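For reference, the structures are reproduced in the following blocks.
The following pair of complexes shares a single chain, chain A, combined with chain B in the former and chain C in the latter.
Here is the complex of A and B:
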């Protein structure tokens, strides 16, 4: 028993150790400088992952604001604005969404969303920042909704009597009491959604077009770090390219570990 | 009386979105794949019985991919279930203070790590083995299974630990009252009572292992391998089949098969998640009534 607990700890440690071990050559300042550029031309000695890191951040930072208001709206509907039956139906739908494989979202988006964007904007192939951001927003919507929902469940019973005594309508109760009381849940949902969006592979890989560049507009193609890892492994190439993989992995791992720690901090009431 | 019509309308629209998305997804997949649904989707032109037994090769069906996914899930389960349950017991019953905090933080970090990191870990492991003790080490079914196991390990740990922690206090007193040792109490009282909660963790883990694509992409899945032959060989899997169908389909039949595979995978994971949810709920209700 002690052993298996130890083993779980070891898995995390080993994960980190492998990433660091394969990143060690990075310490050479020249290589590091090479990696920290936006220049990805593997056949000309350019192995910069900065464009991909920016791509990951841009995608996540655009998907979260897309999904967040919808998640809040869905929760308000479930907690009072909708009839109990409709609320149950919506909650069921959200729970079903958590079970949909990301590859299925990606697959359907390739044949529905991408042609739609192509037809609507007459710009490029449709495989773009916007397509991937919309896909990711759909992916993180249930995660964020359920997080806010659980916070509302805590906040609601506490204020039900007060709200009734004040004669507030359901909408007023939600807007003026439940929402301000759930600030911590909102923060947790934002952080969690960001973590999920940064870490997802299939949707950026299938929808973003994967051009290693900084996008000039939401209709341009970009490449996320996760998709970058998958693509470079698929096209067996130079050892420096591998190095950029592990640097990308380290970046992703630190980012998501930071998200986890931030979540704990938020849920622990500001204490680590 | 409603003073916030805009707010109410906004919430209604938001609430309609998940319902429409789920319904749209199902209808779209069904419409696109309805001509392909049937035994031919799985086995192509081959005889189903022979194909299942591995006697006849399947050329244009998704059976090899299904078989690969089943093998993966079994291997991931073998890795994650025993380890996860033991670690969960340790976390909720034995670990205290600082070590408990550190262990649960590690489990949470592992749970939050992107699946591609787990794939990269497997990939690095192969590179490392090649340079050190086993020069002919290669990406394989076993590696993918173990990496998927690591991916779902935190779900197992958390399911076990939270179920055990939620058991009513009188059950905890029962063991010492009967003069049982700590381990006997866990083995004969707490674990059997927590059975459903742990099962829901197992089912959820299986669902996660079945749907994940990023891990297997880096650790040995290929597009056309046929049925998995050995633990150390390459294999096909459903999620990867769907991915390649989107990227490089060669005709309408390929595409229909891709939609069919997506529908099969969706049905599989949905059933698993629903089962996990039901198990979890009955577990909660049981102790709420009993308490």
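Here is the complex of A and C:
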């Protein structure tokens, strides 16, 4: 146990050291200033990754609010608003969703969602921030649902007797006791969903259109950092464009680490 | 004398065998050949590999994709024996890795639009201005009144490189252009977008997309071969240093008379 923990720790530390090592050549002030712009035109000397960093954040920050209410709704359905049989069925379906590879969501969305958006809004090609955000919302929905569900499961037995003694119905128990008691689960679900949305590659790559720009509307094309790495990794490995990928990797690593720490903090009850 | 004659006879026999078929170079040999890189090359590589492995089951050849950049990188790092690229390796790459390049076919890159698009021809100036974002509506080039959706490829793409150099004259490509990751993805995206414009290898053209004439020349492999269609590139195999053994035999086989038909069948023009 301890050995495997040690090994995992070493791998993560090595990964960080590796990223930092490859980022070192980017550290002179001029290169760094170039890196922190929104100007990505590698053949004209523009290596800014800011548009992509913003793209990642925008995508994740829009996917989470899309998925969260649905996740809460599904959990309420499973824990009291729906009939037990239907509830079990829904829970199984959500569990099944966690196993669907993201490329499948991406593929289906390319053929169904994208033409739909194009026809509905008459603006752009359909490959857009909105398409990718909807795809990501579907992706993170089961993660968030199961997180909230497990919190409900902990909260429910604790108040079952009290609620019964007060003569509350299942719906009243859920709304007035279980939901307020599960605040920590909601927060954890938000953070976890955000982490998954930031980290996913296939859905942004296939749906967001990948234009390296700051989008002016949800129907515009944008590029996420993960998709950016996937697109650029095959370029000439001695170019600055290639090196800038390590900065992108470091950014993602930091974001994910931040999410993990936040999650620990929430689960530890707000104490560091 | 008698022995001398016998030796001469054997030598003659050996020569006949050696020149009889390109496959004979593999007789009595065994080993593995790993190939990766440009996606345009794959049909040719697979058919050649199948012929060789059928003639000599002791030789195992694996063919993978990844793109031109990946091909050069992998062969340079010694991960594969042959790295394919749809572009000439850059001077830095050749110097760093000591690459030997073998061009075996010519491929054209055509502008593509949806089959529903009424535009049947474009001038190179119009294409440049469309990609630069100066012409944004199809009605300005003789089409219907609809905004043009741009599709381009990532910076590692050999297809992009030739299109950008030879047709767009290294001009700007609007930042709002959607970026897709392969010839296949390009065809899918443009075939489903009635207002889209993109570009793909002529070998990939079929009924799902339309290739408008460029300055009056319909892009076909024949036009690419006789020089009337200018947007062409060579397909390369790259090895680290001069190839030897079965890798050399493979390169010779693809460059030899046996593969002429294979290359033609795959939609490309053999160089020999």
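Following the convention adopted for this analysis, the second predicted complex is superposed on the first by the 260 of 272 C-alpha atoms of A that agree within 3 Å, B and C clash if a C-alpha of one lies under 4 Å from a C-alpha of the other, contacts with A are read in each partner's own complex, and residues count from 1 in each chain.
Keep this in mind: contacts are C-beta pairs under 8 Å (C-beta built on N, C-alpha and C of every residue); 3 or more make two chains touch, one makes a residue touch a chain.
Predicted, not measured: the structure shown is a model, and the values here were computed from it.
Asker: Under the superposition described at the top, does placing chain B and chain C together on chain A give a clash or a fit?
Answerer: Clash - chain B and chain C, as placed by superposing on chain A, overlap.
Asker: If you stack the two complexes on chain A, which partner ends up touching A:241: first (chain B), second (chain C), both, or neither?
Answerer: In the superposed model, A:241 contacts chain C only, not chain B.
Asker: When the two structures are overlaid on chain A, which partner does A:199 contact: first (chain B), second (chain C), both, or neither?
Answerer: Once the two structures are laid over each other on A, A:199 reaches chain B alone.
Asker: Let me test your reading of the model: by the given contact rule, A:230 touches which partner, first (chain B), second (chain C), both or neither?
Answerer: Both: A:230 reaches chain B and chain C.
Asker: If we overlay the two complexes on their shared chain A, which of chain B and chain C does A:164 touch? Say first, second, both or neither.
Answerer: Touch partners of A:164: none, neither chain B nor chain C.
Asker: Please indicate which partner A:108 is in contact with in the superposed arrangement: first for chain B, second for chain C, both, or neither.
Answerer: The answer is first: A:108 touches chain B but not chain C.
Asker: As a test of reading the superposition: which chain, chain B or chain C, is in touch with more residues of chain A?
Answerer: Answer, by number of touched residues of chain A: B.
Asker: Who does A:175 touch here: chain B (first), chain C (second), both, or neither?
Answerer: Only chain B; A:175 stays clear of chain C.
Asker: After the superposition on A, what does A:118 contact: first (chain B), second (chain C), both or neither?
Answerer: Touch status of A:118: second partner only.
Asker: Between chain B (first) and chain C (second), which does A:259 come into contact with in this model arrangement: first, second, both, or neither?
Answerer: First partner only.
Asker: Indicate the residue numbers of chain A shared between its chain B interface and its chain C interface, in ascending order.
Answerer: 110-111, 205, 230, 233-234
Asker: Can you check the complex and tell me which residues of chain C touch chain A?
Answerer: 66-70, 72-73, 76, 90, 92-93, 96, 147, 149, 151, 154-156, 164, 170, 172, 175-181, 188-189, 192-193, 195-196
Asker: Which stretch or stretches of chain B touch chain A in the complex?
Answerer: 1-4, 7-8, 10-15, 17-19, 21-22, 25, 28-29, 32, 82-83, 86-87, 89-91, 94-95, 102-103, 105-121, 123-125, 127-128, 150, 153, 157, 207, 210-214, 217-218, 239, 242-243, 245-247, 258-259, 262, 265-266, 269-270, 272-274, 277
Asker: Considering only the defined contacts, which chain A positions touch chain B in the complex?
Answerer: 1-5, 7-9, 11-12, 14-15, 18-19, 21-22, 69-74, 76-78, 81-82, 86, 89-90, 93-104, 106-108, 110-112, 138, 141-142, 145, 169, 171-172, 174-175, 195, 198-202, 205-206, 226, 229-230, 233-234, 242, 245-246, 249, 252-253, 256-257, 259-261, 263-264
Asker: Quick check: in the complex, which residue numbers of chain A touch chain C?
Answerer: Checking each residue of chain A against chain C gives 40-44, 110-111, 114-115, 118, 123-127, 205, 209-213, 220-221, 223, 230-238, 241.
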